[in-house]
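In the part that follows, the structures are each spelled out as structure tokens.
The same chain A turns up in both complexes below, where it pairs with chain B and then with chain C.
Here is the complex of A and B:
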């Protein structure tokens, strides 16, 4: 008797499970399922956390019309392909892939699920159901340079680079250009640590740069180690992705953060009313509110703040472009002619230092 | 010349956690036990030390908690491999995986919080000496304790009676058992010692090197400590030299970049590992050096009743 009861209960469960996974006809009342795939943990205090904050804002904004899920700690390997396939099979109709390295797995999965819409950050391969989106980080780093150039006493800046890839080269170049726009004597020292995340190594790199005279050091790596180094040595540093001022109140002058919520809400609405398209490249910056500057340090003198605000307003209005010519590389060769602007399409192959950066680009 | 001072200082800070972890593992391996769980024990030590130091405001309590946490994890390893005779390699790997996951879970709410860095000590009269004072007398107390630990381990392994017993057990537990030496108890103590030093090494990362807690912050240093033990052919002096060499080359490549030397950064990043391999090759040019020094029973289970 007892067995029969259990058997019946099981049958009901299995039947329910089957109907849930079958492609049910879309009812208007059924919420749109939106999924997010994260590289790190949602508590990473940086890149992934910013995406998850935006996911929560998306839920708050669109309420019962949507249902979001996320998968964290997804490595940029074949594992991610399995995660994407699973999410698509689970009925998610819009999937945000929030790391560059998901590019190839995404291409494969997108072909298998033509009715699922994919959005990929910082990539450059699109498809009928893949669009890519990217922050105009160069604007944030240009403004970091504007502050660094005014605050440095040694006229030497430092940059802790992760990998010398085009999207990072763009940041060191635009920071140097920003600093030179307010202080022509600026020299920039880069150190490449060849990792996104290794607090010990980032710390050593920061100590090294400070010992070699760089008194304002920015970073393209993920931990707050360089902020701590600057706080101890009495020099300056800049945060990335999240506000890191709790690790060095005096040291952190400003930094770049991202607010992805505007983009996520806009794209989800497009899917809801059927106007979403693939094959798009979207670049948002200060103007759209995707790139946001961390609060300015109160030690920055008002004149310097005024220059910063002025440049920021011009970046937003489009009057100022970080990559407006004339720009020379650090071998003296003219890369962008006076009066022209480097096209965004060439960002994906940017592999040269602007004048003022020491050394040669690691090849 | 002036550039040398910060370079040496950074080298010492980079090498100190490796010294703690590698010296502990040296003792463990000399007793014939191979514990591959250093990375996991370091991470548990890092998170425990950070949490305790934050809660109490005392770095001493932090390091004590880190050592205790490392010991707790090593006891699991000891019970599994010594009592239940599980495979040491597999158990050690599992311990690392467990430590990585557990530390991330426990430290979930500690990410992004600051803690006061353990300050360097000042020795009256000595710290003030130009250059020499900065080179030798301007470190935190854990650096000096690592030197003391080295002297202690060296004395213990080569001069003390119980150290001799430990080495005998590492060579042949069956013979040591036959003449009445407590094999399991000695191995347990060695494993516990290794756990404590690995925990302290982890806390050195989260309280001194980069005073914060972040998931996976040891970034492979536990594995480097393991390699150093082989590199040092199970001799404390060589292990410590190896740790400083490794720290120094890591530091040198950053300085070389800062001076804009025309060397590819990928090549420089490779240097510490390349240096390790080259030195290993030199050490091994006479194959007997490794074979003679490696504890004969390393990695083999032993049970008194078997």
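Here is the complex of A and C:
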């Protein structure tokens, strides 16, 4: 008898599963299925968490018009292609791919599902049903530099880099330029750890930079390890993606965080009212509220805060561009002339250090 | 009262029943877990174990993910049986991908029919060369192969990272760390149309059979088994320990290298920083679940692969966290170790009225 119950339950499940794989009819009442694919766990305290917070805000904003799903811990290996394909086959009509390394699999799956809309973070390959979105991180890092340049006592800053790809090179360069705008004596020391998330390696890098005299260290990696290191050594650090001040109240001066909800809500609305297009490349920053600075540390003197707020207002109004010339590379060669702004081609494939950064870019 | 008692001879029934019992215990724990989370356990089981393989594409994905697990698992088991503890199949896989991928990049878009055989050969040799390092160090300097093979994993990943950041970087890739995509002749043919599964699974299954024949029917295989079961007997019989170490490491290296080239010349189609989500390490569990027996490892690899796919389906269908995959894998190994106890021991009822025996009891090792 018990067996029969189980069998009946099983049959219902199987039937439900089979109907779920059939294409869903386009009733007006049917909610739009929106899916998110994450590289890390939703509890990573940084990059992935911020995307998931935005997903929840999206659900709260659009209510029963949509239904969201997410898949976490999807590696940038052959696995991501299957996840995208399965989500599309399950009837998701809008899929957000939140890591750069999903670019090639996304190209393949997008061709198979022309009626599904894909959004890819930080990539550069678009299609009729793929659009790309990216934060103007360089604005946040420029402002980190403005604070670091005023707070450092050794005039030496540090940067823990993940991979020397253009979107990270822009951050170290703009942070250095921001610091030099308030303190021309600034030197910057980078360490590349070749990972996005490895608390052990990040901690080692932070300890090394501090030992070399860098008393304000920023990071482009995801764990709070460098903030903990700075808290112990009495130096300064900056958070990334999320506010990490709980790991070092005294150490964290500010940080650059993301609020993706505005973009996610806007794009989902476009799909709902049929105005969504592919082949777009959207970059949002401070002005649009995607890049948000973490709260300023109360130890920062009011004069320094004033400079920060002034630069921030100018970045928002467009009066200030982090990559306005003159910019020299660290060999002293002029790369961007005074009065002009770094051309898009250079910006998109940036692979050199600005003057003041020590060493050479790892190849 | 129940007491554990050593069996006179290991139970051959339990040897086969143990993995099945472990799987059953895993399912029962899963049932309780899903119920406690307020999810319908039957629906969760359906999503976990049925939905992933309910389409041709799904079966293709299962076989695709089974391929590297099976190749590495069979290779590792050959060594484990001879007490050669190679835990660096992940590194040998990476080096195979680098060597084979290098050949693919050298051919470029050429449609030469030589490209694929040379890539496969280079992949195998690349994995072998990487495994030869711990073999040499162990036989020449008596270095611990557990540490050496593990550390070589990280070195191989850094070599790959350097190559895709530097000399092999795609000139049209906007500086992003990946190589050019391989040409059509440098990409493995798909076995079942509409899926991504390649001929790699056929190689893997054939090699599992060859490995079974090797360990059961050849003298070299016999020598390795004796060395694992009774090292003193092997030494007395004059079997060379060094030869066993070389054979075990080279065979595993070659198979892991093949897994690497199958991955980059198959579903990935280029070299990039990350090519394996840890197949070389997961294959250690696969080898043990499969009782270090090539045929058992085929089932172990299929089950492990299904757990990965099921974890994804459970996330998509029920919003369960991805940790559920690791949880099931861990439960399976945990229960396997527990049920393995009953191969050598059995439970015996002891009359509780009697005084406890004063003689020292057999310890449960």
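In this text, the second predicted complex is superposed on the first by the 339 of 363 C-alpha atoms of A that agree within 3 Å, B and C clash if a C-alpha of one lies under 4 Å from a C-alpha of the other, contacts with A are read in each partner's own complex, and residues count from 1 in each chain.
We adopt the following convention: a contact is a pair of C-beta atoms (placed from the backbone, for glycine too) under 8 Å apart; a residue touches a chain by one contact, two chains touch by 3 or more.
Note that this is a predicted model, so its numbers are computed, not measured.
Once the two complexes are overlaid through chain A, chain B and chain C clash, as defined at the top of the document.
Of the two partner chains placed by superposition, only chain B is touched by A:225; chain C is not.
In the superposed model, A:325 lies in contact with neither chain B nor chain C.
Contact with neither chain B nor chain C is seen for A:262 once the two complexes are overlaid on the shared chain.
Of the two partner chains placed around the shared chain by superposition, chain C is the only one that A:77 touches, whereas chain B remains out of contact.
In the superposition on chain A, no contact is made by A:289 with either chain B or chain C. In the superposed model, A:358 makes contact with chain B only, not with chain C. In the superposition on chain A, A:278 contacts neither chain B nor chain C. When the two complexes are overlaid on their common chain A, residue A:211 makes contact with chain B while staying clear of chain C. When both complexes are overlaid on chain A, the residue A:69 reaches chain C alone and has no touch with chain B. Chain C runs into chain B after superposition on chain A, and of the options 24-32, 42-50 or 78-86 the stretch responsible is 78-86. When both complexes are aligned on chain A by C-alpha atoms, chain A residues 41, 164, 194, 362-363 touch chain B in the first and chain C in the second.
Residues 3, 6-7, 10, 14, 104, 108-109, 111-114, 117, 205, 209-212, 214-217, 219, 221, 250-251, 254-255, 257-262, 264-266, 269 of chain B are the ones touching chain A in the complex. Of all residues in chain A, only 6, 9-10, 13-14, 16-18, 20-21, 35, 41-42, 69-79, 81-83, 85-87, 90, 100-101, 104, 124, 163-166, 194, 348-351, 362-363 touch chain C in the complex they form. Residue ranges of chain C in contact with chain A, taken from their complex: 40, 42-43, 46-47, 50-51, 54-55, 57, 61, 64-65, 158, 161-162, 165-166, 174-178, 181, 196, 263, 266-270, 272-277, 308-309, 312-313, 315-317, 319, 321-323. Chain A makes touch with chain B in their complex at residues 41, 43-45, 164, 189-195, 197-205, 207-209, 211-212, 223-225, 228, 232, 242, 246-247, 358-360, 362-363.
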